[in-house]
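Read from first to last, the chains carry the letters A, B and C; within each, the first residue is number 1.
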Amino acid sequence: MSTVTSTTARELGTSRASRSWSDGVILVLALLALWQLCSWLAGPEILPTPWRTAVKALKIVRDEDFPQSLEATGIAFIAALVISAVGGVSLGLVLGARRLAGDVMEPLLMAFYALPKITLYPVVLLMFGLGLSAKVTFGVIHGIIPITVFTMGAVRNMPIVYARTALAYRLTPLDFARYVMLPAAVPEVVAGLRIGFSLTLLGTLIGEMFASQSGIGHMLMIAMARNDTETIMALALMLFLFATGVNLLLLRWHHRLAKTG
Amino acid sequence: MGPLRKPGTPLSVVSANPTSPAGPQIHATLTDVTRIYPGSKGRPSFHALGPVSLNLRAGEFFSVVGPSGCGKSTLLDVMAGLNPASSGSVIFEGVPVHAKVPDGVAVVFQEDATFPWLTVYDNAAFGARRAGLPEPEIRERVEHALAFMGLKAFTQSYPAQLSGGMRQRVCIARAMVVRPRLMLLDEPFGALDQQTRLLMGDEMLKLWRDTGATVMLITHSIDEAVLLSDRIGVMSACPGRFIETIETNWPRERDSNTALDARFGELTARVWGLLRGEAMKALGSQT
Amino acid sequence: MNLATRWRLALMVAFVLTLELASRLAWIDPVSFIPPSRMVVGAWQLLRSGDYTDDILLTLSSAALAVVMAVVAGFAFGVALYKLPRVRRVLDPLLMSYYAVPIFVIYPILIVLMGLNRWPLISLGVLFAIVAMAVNTLNGLERVPRVMLRTARALRMSPLAEIRLITLPASLPFVFTGIKLSVVYAFIAIVAGEFVLSGSGFGYRIAFAYNNFDNPSMYGLMLLLLLFVGTLNMLLHMAEARLYRRMSRAAT
């Protein structure tokens, strides 16, 4: 069937964009079918069907307490994301530009990245107490590392001829950073932001699961304790859709940058 | 910050003929310049260049030709102030050059130095903008430079949409815009195919005549050096030193048809005669 | 020992000393944070007592099993994606959002499916690691320079020979990065899972110590974890660097 599709597409001169749309639809349908199958195999009590999950999701969204949860998570997440992004990019620029600093810090960053950060939760909690700052801290420690590492890579991989050109036109170091280094690094920084986005969300949710009386993470925790699989799946689905949506946007931005790059 | 001499001034005023009583005006001088990269743990020091001495005459087109890895690019870097000399002195317009690029010098590199996030127009305007020139002045210069380099139709395009040769033209246009008095070209056509190279050579000569700047071209192509230059500095294998300087005595109004001149073959043979042994040395010493 | 290493050691020593000073001088609340020296003592006592050996071994064995499964399955997945570019293109955004959802929320579901044993945890480890392995395998396969593949065809190599002699060696550094990440992620997922909901294992022990306000044990365990992860990471990194170095030296 795929050969027919591609031949027809070529004959009709269908654009790649519309083909990737149809591919996406096919994939979604395939995943839904797989999900339904697993649900039948495991039993709907253990793994709710897609339909029941969707219904539950709608119910949750319409619930009057939901906006509050959403706001709580939203504030913490956005705060964590801003700190991770700004902090990560700045740190990455500095570590990328100063070779020694980068060489010194890189293994330390990677070791921290490899740590099961959930085991730091007691420390974070003990130091920040329950509440917003703990959640935000958790989100930041998850997301800031990949953003830093990617930015560092972007600066280090910048073609040397850019630096020589900046010298040739007598740019000040600040002008160099602003007009050459930063724009050159943007595509890879965006790639880092994609990963940082997902991980910051993860960190914030985990933080909420343990450090909060409100928010979506908290809802997840309660559902896990009650073994309320419908709610678990509904929330997981909503989070997944949200993350995918943002990822698609960031991907599109990345592609646009890459086209001019 | 205009050109050193007005375009159209007869050649005899700035004479390439060393026996003329007026004598050539010297634009830049290298005196016993060496570049030795100091060693570190596990790596011996590396003597890349010199000692080299050179008097660059104002308004001349000077080529440096030599085998790969002989220090030609190092020579250009030292002259431009991109790389400090280990010993000896570099003087440009009477002022010593050390670790900073002086005003009035422009460099075109071998690699593609166009910024992919800027349009062709913004790329060409880059140097002038960072130097703080007013926008109307910049617009005039950029439009002239881009038209001169045949890029008028591509002002709003991005480098990714252009071929390698066109991107190099953008880099040359960018250099034109700042009206340099000395243009340093580090194998600018190295990544291009032969036919494009010949055409770019013609454009370089036009630019040289139009601006009246002094041009120093680094190349490994003997043909290119002989075709384009007033004088050729033949460089030895590493550490690079000048073996000989050859005068071509071509007329100022020249283009790639110079290849048809009887003396072209003579000069090329002469350069190759000097270089052959050095090239073999360079080939053998490459690890 | 080069300059960067020296600076790094100095940095870490300074950091530990600052923590030590800060906690002894009660700049940091002594209830929540104990001095690093006492952490070391706690860790040493843990190891000597032998009480935790079972849990440590349990976690390590679960992680090892998860790594093996994730590497094999992830590699196969990566190869499949390489052969099916359309699937790959569509899956790309999904693969990134994969890590946005705390995967261990399906832990209860897994427990019901597999029972109250180590398998739900191992599954979590596999699920967490498999995507990283697949993506890196894919990357490695794509980065085989086309000229090498054309050389293989020019030499009329069989598909098997081409895979064995060209594709695998050329993609090895990236595949190794995938293995490295799989180890890291599997370990993270399993310890996290143990922490959240389990009756055994290293992560469980940390949670237990926390819930019982047993700071010395808790911090001792965390220190051991930190040292283990740091050492493991360093070894993997060294091996990876050597692989990449051989590749780039061979390329010149």
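Note that in this section a contact is a pair of C-beta atoms (placed from the backbone, for glycine too) under 8 Å apart; a residue touches a chain by one contact, two chains touch by 3 or more.
Just so it is clear, the model here is predicted, and its values are computed rather than measured.
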Review point. What is the shortest path, in steps, from chain B to chain C when you may only step between chains that touch?
Key: 2
Point to revise | Centroid comparison with chain C (C-alpha atoms), farthest chain | key: B
Point to revise | Contact pairs, highest-scoring chain pair | key: A-C
Exercise for review: Averaging only over C-alpha atoms, locate the centres of chain B and chain C and give their separation in whole Å.
Suggested key: 52
Revision key, fill the gap. Per the C-alpha means, the centres of chain A and chain C lie apart by a whole-Å value of 19
Revision key, fill the gap. Between the Cα centroids of chain A and chain B the separation in whole angstrom comes to 48
Check your understanding: Any idea which chain B residues touch chain A in the complex?
Key -> 80, 82, 100-101, 103, 105-107, 109, 111-113, 115-118, 126-127, 130-131, 158, 160, 178
Point to revise | Residues on chain A engaged by chain B in the complex (per definition of touch) | key: 159, 161-162, 164-165, 167-171, 175, 179-180, 183-184, 186, 257, 259-261
Check your understanding: How about chain A: which of its residues touch chain C in the complex?
Key -> 2, 20, 23-24, 26-27, 42, 46-47, 100, 103-105, 107-108, 110-111, 113-123, 126-127, 194-195, 197-199, 201-202, 205-206, 209, 217, 220, 224, 227, 229, 232, 235-236, 239-240, 242-244, 246-248, 251
Check your understanding: Which residues of chain C touch chain A in their complex?
Key -> 3-4, 7-8, 11-12, 28-29, 31-33, 86-87, 89-94, 96-102, 105-109, 112-113, 184, 187-188, 191-192, 195-197, 203, 206, 210, 218, 222, 225-226, 229-230, 232-234, 237
